[in-house]
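Order as written gives the chain letters A, B, C and D; numbering starts at 1 within each chain.
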Amino acid sequence: MKRETLLAIVGALALILCAWAIPWLKFVLTVALAKGIAVLGILLLLRAGQVSFGHAMFLAVGAYTVAFVAPSVPEVLLLLPLAALLATALGLVIGLFLVRYRDIFFGMLNLALSMVIYSLLEKMYAITHGTDGIRIAALTFAGVSLEREVQEWVMFGIALTLAIGFGLLVRAYLGSPMGRALAGIKTRETRLEFMGVSARLVLLFAYVLSALMGGVGGALVSMTTRHVTPQLAYWTSSGELVFIAILGGAGSALGPFLGATAFELVRVYAAAAVADAWQMILGGVLLLVILFAPGGVWGILSSKLKGRGA
Amino acid sequence: MMEWFSDNGLLLGLALLDGLSYAALVFMVAVGLNLVFGVLRIVNVAHGSLFAIGAYTAASIGIFFASLGLPAWAGYIALVLSALLVGAVLGPLIERLLLRRIYGHEDVLQLLVTFALFMILEDVQKLIWGVQPIMQDAPMKFLGTVDIPFGEDVIPFTAYQLFVLPGVAVATLAALAWFLRRTLTGRVIVAVTTDKEAATAMGIDAAKIMLLTFSFGAGLAALGGALASPTTSLVPGVGASTIVLSFAVVATAGLGQIEGAALTSLMIGLGRSIAVYFAPEFEVVVPYIIMVAVLLVRPQGLFGVLETRRV
Amino acid sequence: MSTPLLSAKGLRLAFGGVKAADGIDLDVMAGEFLAIIGPNGAGKTTFINMSTGYLRPQAGRIEFDGQPILGLQPRAIVRRGIGRSFQLPQLFTEHTVLENAALAVASRLGLWSPLAPLLRPAWREEAMDLLERFGLQGVAGSRADALNEGARKLADIAMAVALQPRLLLMDEPTSGVAAAEKMQIVETLVRVLRQSGVTAVFVEHDMDVVARFADRVAVWSQGRIAALGPPAQVLADPVVQRDVIGISAHA
Amino acid sequence: MTEAVTRRTAMLGAAATSGALLFAGGNARAQAKPTELRVGITTFLSGPASVFGVPAKQAAELLFEEINKAGGIGGIPVRAFFVDEAPGTDHLVGEYRRLVQNEGCQIILASISSGSCLACTPLSDEMKKTTLLWDCGTQRIFEEGPHPYAFRTQGYGTPEVLAPLLYLLKHKPDFRTLAVINQDYAWGRDSWELWKAGMDAMKPGVRVVAEMFPRFGATDYSTEVTRLLAARPDVILSTSWGGDLTTLIRQSTERRLFERSLFVMPIAEASLPTLGRTMPAGHIIGARGDHWNNHPSPKDPARLKRLVDSYRAKYNEYPIYPVHHMAQAISAMQAAYAKAIAAKGAGGWPNDLELSNAFRGLTFDTPTSTITLREDGQGLEDQIVGLSSFNDKFPFSVPKDMILFPAAMVSTPVGQKSTDWLKTLKPDFVSQVPAPMAG
């Protein structure tokens, strides 16, 4: 997988260059990286043949953790692990129940639970300020308060570092016995049981890991946008995450980041070009990808590179 | 407990009436989605858009009829026309041009194709019908109201809500049950739902059945929208909120089960209206709580058949 | 061969009115090859399913190595040393054959490692070695769904063997395999199992296979064991010949 | 490959505009006069709130066209960059950055939704970019902290709720029971909190028989209507708007709820053209301001008529309050630029700080009145409330017996929190309510 490594390095450098050359894109790219981390979780579950249509709930949990705790502890280095921890805990609780289900039931139960969380965030107005959402005041990094420009760079740097870290982790995981067993759930779940392995436990581990990454992604999104709303947990946000996974391509741990970058860029440029029909453009792009490049951006890139190498 | 009932019994009765009509609307949307899922094995996210388009079309035709000076009952023709139009034009178009290309692909791709379609149709609606609320309530007004006694008071209900909505839903359920069990085409649809491979092996033209079912489902979605249109204002985004609820119904009902869809809709309708009276904070989460509770007890859905393990 | 490895006593199970097990008593001795024959619907697979925890008998008891195993999860039974293979091979179709084997090795040696690769040198070596013993080294890199039926059957059994079971229950290991390959597959199988010292119970319809490889034969009929003994003796029994072999030859 | 191409085009696009950015932005360097005045406008272009967002966008397009025909602002043409609020805050704050850093917008007109405003306003502090909050009504903005670069060019929740409350107290002082049915989101909750605080202070003892917050964007209120019919409150308050309000009114009318209870609908105005003749008469309606189509004595009748006529001619519909709010923001922008340019002298162009200073304390004309921006950035806009009625001039309901509430009377004083201030009101505050307007 030399190609993957090469592409990852080139991609990371391109992102840094982009963020440096076009200041406002730094923000967009930070969000893209954050979402990419969350989409890694979708990718894991896709390997098991399962589609979570409610994964945005973990993003929301991560984001709201930051929003609730930041007023008392505005420290990025503490907030991130805390958000990850809470999302992981929720993932574990929900996961224990959800791993009993497959296919549409798995997808729809995720959707239902995310809608419950969405409704709670919206309904508990006294605590969450409803759809207004919560503003996150300036944060400190290792105890230092930073200026806006520096802070933006720091967030970008953290997102990129975590993206690389989680990307490597997921890559290793997918090649590990647990990762390969996870992929086995898609084709022959019963065999795992015949080998003395609990398929549910295999799936649960992946689910909890995906929740963790969702929480981290959500925390990063909230620290970047500095404002959280229940919209984060709405079902269309979950749909977006699945969209990104397919756009980027499920074939590689690089896919989610390619997908998230492409998604955010298409969205901002579509919004800039036709402010009132951006949804249609995104939908069109998605259709084209599915019909003509089901391997996503990763599929296109890797076949190009392969062609060149041969 | 008894005391609570004597205090709130009358209110509970009112909640029942409201719940019924709401359940009818939920059922009309969900049953089409469930039917389509049963045969095509695709969760059609764009079903909500078809609902919205059906509603808008019905309102447009109704307004057009009114401008021609046709009497108020012509509004009902508009409702049916809209469902027929969507079912006969949009349904086949979507199935032939899009869905057919992705049968047999991974579930997630099939799901996303309809998600993409949903995104596109959301903007299309806006381009056609604009953003200002559209209302065409002639069919509701035509039938007037019925006074329901409430202690010494009376509560007016619209006859449309009390009779037309539940009536159409029950008729649809009965007609569907008859169609699926008593007609050849219906039985073929059931056969494909139960075991597509076996059905194809028996020489059933699956492609034709899928086209038929999808168009039929689209028509049902549109009919649901058309029926809802006299009672509500049509605004952008009405499809998105409708579809989530239908998802919950389909999963709770059991895949492809129309009776399951009816029972689930009833539970959701009643649960919601009771919540509005006694615990308004829970109104929004009621459908999901019902869904989770049902699936905890019956993992395959209310009427679902456990798929046998192929060993 | 004094104590039985697997001991079933008075197993009863009915589905509706059909008696799939109607008082099954059977002892499987350590080291033996026991063939199960009988017409379709006689309850052969039901016996395997009960012994591996997939079905729970309504009455009776099953002991493995002197310990009761009824009520245990299938997974737990596997870990105690009862392996199983299937009439329809259960492979991870999108994995390579090598990965299939390595996953089986991993599930014995430690599947729960999320970071080190599955195909780490030691496991790859063991998996390759296993495939070689089954003559599958040539297809190690192919995707499992690209194999022919015979190779799939062998791979399926290889995965069961990788778990190093003491008892292996095989459901029709030769069904669906081209006649020309059949004997060769069984020979491979028997050689590997003998080498590994695995006790085996297998459901089989081919009487030549039974006659040649089984130490004992149990004849199933309507949920009961109609006859039990060495192949030469049982297969020669006229009742068995009429009721079982006649029917199963047609089946 | 496509990835690389996307990125490349992105960079090219950015490079093309970053030239403009270099000259337009930055407080440090001397401000050269740009070739055009770029205005970023965030508004709802999709989703349920686009019923407000799209008319406002149309108004901006109409007015910018007029301004450019008349020579632009300070001699340069104005150009609008629209951004959709609907995709959510995380997207919007990125778009705000794009507008400022990439498109080189010199001023931003931000947001319909309170959530968007609360997210954009702190950005205006950080990026030191003058931002006009052109429509959102949340009282939290200026009451929870100063925002030196943000200004609200219209009224906000407190006067918009207090004026109808005072009207009610004057119109039907003897009511005993009240029910509320608001959309379940910030405005629905906040407006009820404000109303309750004011009502409990000025008329203690009113029994609240039902508090309902149906889902935002709900399509069916039959259960809520039944409950209201059964509860028979004297007064029903609803601050809902858009499709939600029209649905509520239709379902209530049909079931004669309007005959049992007096409705108070502080932002009914935007729904009246849609409702046409189906809107019941005799209920209290507000417009989030004083800009009614039948304002009996507008300050500049010709200007009001011109706005209404040209908007109707172009879009074939009557303007609703978001149109007026957009027009107010644009008027404020024109006035502030004129003031700032005059202060710089000939040929000068204000930098960000100078521009924002020009807004502080600014008084500008609207077709119906004048609005002054207080020292905290809040605009003082008069409120007119009346009873729904019909006349021959309009094919839909318009108010009669209108009362004009001067902005200063119904707005929370600078430095106080609205709920605290409302609690200090006394029952005799009602006696200060002016007499209905003539006409």
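The criterion applied here is as follows: a residue touches a chain if its C-beta (ideal position, glycine included) is under 8 Å from a C-beta of that chain, and two chains touch if they have at least 3 such contacts.
Composition by chain, UniProt nomenclature: A, B = Branched-chain amino acid ABC transporter permease; C = ABC transporter ATP-binding protein; D = ABC transporter substrate-binding protein.
As the structure is a prediction and not an experimental result, all values here were calculated from the model.
A comparison of the A-C and B-D interfaces places the larger number of contacting C-beta pairs at B-D. Distance from chain D peaks, on a Cα-centroid basis, for C.
Chain centres here are Cα means. That of chain A falls 44 Å from that of chain C. Per-chain CA centroids place chain B at a distance of 50 Å from chain C. Chain centres here are Cα averages; for chain A and chain D they lie 36 Å apart.
Listed for chain C are residues 86, 90, each touching two or more other chains. In chain B, the positions touching at least two other chains are 122-123, 126, 284, 311. Those residues of chain A in touch with two or more other chains are numbered 122-123, 190, 276, 279.
Partner chain A is touched in their complex by these residues of chain D: 1-4, 6-7, 10-11, 13-15, 18, 45-46, 54, 57, 81-84, 87-91, 93-95, 97-98, 100-103, 113-115, 118-119, 122, 126-127, 138, 140, 184-186, 189, 213, 216.
Considering their complex, residues 37, 43, 45, 98, 101-102, 105-109, 111-113, 115-120, 122-124, 126-127, 240, 244, 247-248, 250-251, 255, 281, 284-285, 287-289, 291-292, 295-296, 299-301, 309, 311 of chain B touch chain A. Here chain B touches chain D in the complex through residues 10-11, 14-15, 17-19, 21-22, 25, 122-123, 126, 130-135, 137, 140-141, 145, 150, 153, 155-158, 161, 228, 231-238, 241-242, 272-273, 276-277, 280, 283-284, going by the rule given at the top.
Here chain A touches chain C in the complex through residues 169, 172-173, 175-181, 183-184, 186-188, 190-198, 202, 205, going by the rule given at the top.
On the side of chain A, the complex with chain D involves touching residues 11, 14, 18, 21-25, 27-28, 31, 122-123, 125, 129-133, 135, 148, 221, 224-229, 231-232, 237, 258, 261-262, 264-269, 271-272, 275-276, 278-279, 297, 300-301, 304.
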